[in-house]
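To keep things simple, chains are lettered A, B and C as they appear, and every chain counts its residues starting from 1.
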Amino acid sequence: MFYVELLLVGLVWGCTYAMMALGLTLVYGLLRILHVAQATVFTLGAYVGLLVANHTGSLALAFVAAALAAGALGPLIYRLIYQPILDKPPFVALVASIGVLIAMEDGFRLMFGPSGLSFADNTWFTTTYSLAGMVLNLVQVWIVAAAVLLLSAFAVFAARTRAGVAWRATVSDPQMAESFGVGVIGVRYLNFLIASLLAGVAGVLVGLLNNLVEPGMGGVISYKGLAIIVLGGLGNVPGTLVASLLLGVVESYGSVFLDRVMDRDAIAFLFLIIVLMVRPQGLLGKAH
Amino acid sequence: MMLEGNRLSIAFGGVRAVTDVTLRVERGELVGLIGPNGAGKTTLLRLLTGVLVPDAGSVAFEARDVTRTSIHRRAQMGFVLTHQIVRPFRDMSLLENVMVAAAANLTRRPWRALVAVEAQPARARARSLLERLGIADAADKPAHSVPLGYLKRMQVARALALGPRLLLLDEPLAGLNYSEATRLADLIVELNAGGITIVLVEHNLSEVTRIARRLVVLHNGAVLAEGAPREVMTRKDVRDAYLGNEPAVGAAHA
Amino acid sequence: MDYYLSVATFGALNVILALGLNLISGFCGQVSLGHAAFYGLGAYAAALCSVAGLPFPVAVVAGMLVAGIFGIVVGIAALRVREDFLAIVTMGVGFLFLGVVRKQQWLGAEMGIAKIPSPLDKWGYALLAIGAAVALVLLSLHVRRSWMGRAFGAVAQDEDAARSIGIDVAGYKIAAFFIGTAAAGLAGGIYAHMTQIIVPDAFNFIQSITILAMVVIGGIGSTLGVVAGAVLLTLMPEMFRFINDYKLLVYGTLLLAVMRFSPEGVAGLVRRLARTAQARGGRRPA
């Protein structure tokens, strides 16, 4: 039973990774930018969600506000920071992105204090279900539900709607799409919007899960998100989802069995390095 | 025998790109490799130069098997290629681009290169090669700022700086205007007369039939015809391949 | 006096770290986000040697070699991944180092190693660090002039083209990683003996980013620019006390501003200003 519980906990984490990593894959796939600053969007979502929840007492409002704030910040980062340096070598955007991340992390610390804030009334955290000897709380259930819902909504959008088809065409061949009259610029904003909405919601959920929102909460999860897009294989959406869940599970088992040797973050990156040595193209990527 | 590609085959995801191709080049030859778009010329070249490893078959350079020898080792052995799409070192001047190749004996091993500072011989050699290619006027301009025609010829100079015995040129004339192309084609003949064996992949049929002494025609990933340029170009199956008419069944075997 | 000596020593160590990274990322074009791990490897290896009773010079050289050997391993691993992903892999190496060291009882886990013997006084460390920094500046300038530097440039600008002119791309990348990480190991060895205590967190991701910030703010690829960047980022928090409270805010904003407005750093800015000044000066007589 213990093993099954670890599996479940791992899958829950995998779902939060998936919500982060999908956006990172979209941005990388279209612009070849390693969007580390996504962590800032995630953390902003968490803070806005917490403040709104604590003032209004409504989690629904908290999620809406977090999504709005995150959805505004991501495209803004693209417009103000990435767009003017798209023609520069790739490390330029990466370093700029890291700059945003650590500056904003310090900004959150100055605004909200270093030790983090908790939800005044976190009923999702305190509501627990026991299932065949295992205990899950409502936040964990919602994380899985949110990941499934949002990612399915994304899949339907990409496959069924006009905007989705235009989006896919642009991702696979920007020049071709442009010659058919698809606005490439609009698609870029759309990518950042989707990525940011997912990150903002994930931020609130992780805040609820730990019952803590702190300045540095986004950093490690976004570094792992980057590891996942590498694992999944280059802008490959199904690969990213598989890698997210797998990484969650590997960490979950690893942090129990390798606890004496290394910590959780080290396990994640060791897994990345081992996979890349065996399959440099990623788990589901094509060779060459 | 300078170069021998022996029964080379490769497939990408089940699609056969090159099937059972054998290509022999004697010392001193100037061979033109032609064929319509999608015939497998570039793939064959990549197999010969080591960018791709064949699923079956082998490549030998001066009777030594090099099928799995790395590209830089082949270049050091005297088996040199130029890229179809220009690959300059963008932030170096044209002169510096050629200098790095001219100093190949110094850069062969990193630790040896660390103690080598003398640049004058490489600079002199690079300059004379730029002159030979007729682009010395732009020697000190950074590569990212000169027109394509210059970069195409710089690549040939860079390849020559390595002192090759076998030169594989991938569409060296593409992007050059008529007089530039003619001049470079004449230079290729001259280099060949000077002792360098040359394999030329080229779309410019009039130039390639003018300068090559033997043509190999590739079609659908296999050798369709080979021989003296005049004879090959008058063959019906070759014309059909270029005009897009599939030869009647059996005709290809005729 | 003691205060100025310790600032000078840290400044010199930062110069060593930044020039080592510049060799890997600036000269050879291999982006690394995990340079602090090699700083840490050198520090831990040297500390263990000294605690075990080996003489100071042996300990420092051991730190250099351990860092350099791990650098070679990472360099070999780096050959297998595409360039964009190297940043992620090296970042991962940083987290892996930290996550492993934190859990090792024999390395003191979170508490690190204390009571490292200290054979020199403040003047001694300052002179040693500055001497090593000067040596590394000279090495960097030499590499740039040598054929190794030109081959690094070829590898950085176009790997395929470099291969086709006979350059052993893998060999050069590994050489760059070795020299650059061994330099970090040297800095680590001096640091460990000077402070006499090392903890894992001194070698975390933020430290890697701080080193990277020195390189890119100074001007990636430019030896003198990088020295200026390292000195600037060492002195800034010391000169403006208030910056210490907002250190990461300032670093982050600087990184962002430099990448956004002058990706070639201070060195690029100086070059550009010199060129405009020259152009103006040239126009006036005409």
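Of note:
Definition applied: contacts are C-beta pairs under 8 Å (C-beta built on N, C-alpha and C of every residue); 3 or more make two chains touch, one makes a residue touch a chain.
Predicted, not measured: the structure shown is a model, and the values here were computed from it.
The chain with its C-alpha centre at the largest distance from the centre of chain C is B. Averaging Cα coordinates per chain and for the whole protein, the chain whose average falls nearest the overall one is C.
If each chain is reduced to the centroid of its CA atoms, chain A and chain B end up 47 Å from each other. The centroid of the Cα atoms in chain B and the matching centroid in chain C are 42 Å apart.
If each chain is reduced to the centroid of its CA atoms, chain A and chain C end up 30 Å from each other.
Of all residues in chain B, those touching chain C in their complex are 70-72, 75-76, 80-83, 87-92, 96, 99-101, 103-104, 106-111, 113-117, 119, 158-159, 161-162.
Every residue of chain A that touches chain C in the complex is listed here, in rising order: 28, 32, 34, 81, 84-85, 88-96, 98-107, 110, 219, 223, 226-227, 230, 259-270, 272-273, 276-277, 280. Contact residues on chain C toward chain A in their complex (touch as defined above): 25, 31, 33, 77, 80-85, 87-89, 91-93, 95-96, 98-100, 102-103, 205-206, 209, 212, 216, 246-249, 251-257, 259-260, 263.
Remark: chain C residues 142-143, 145-148, 150-151, 153-154, 157-158, 160-169, 171-172, 174-175 touch chain B in the complex.
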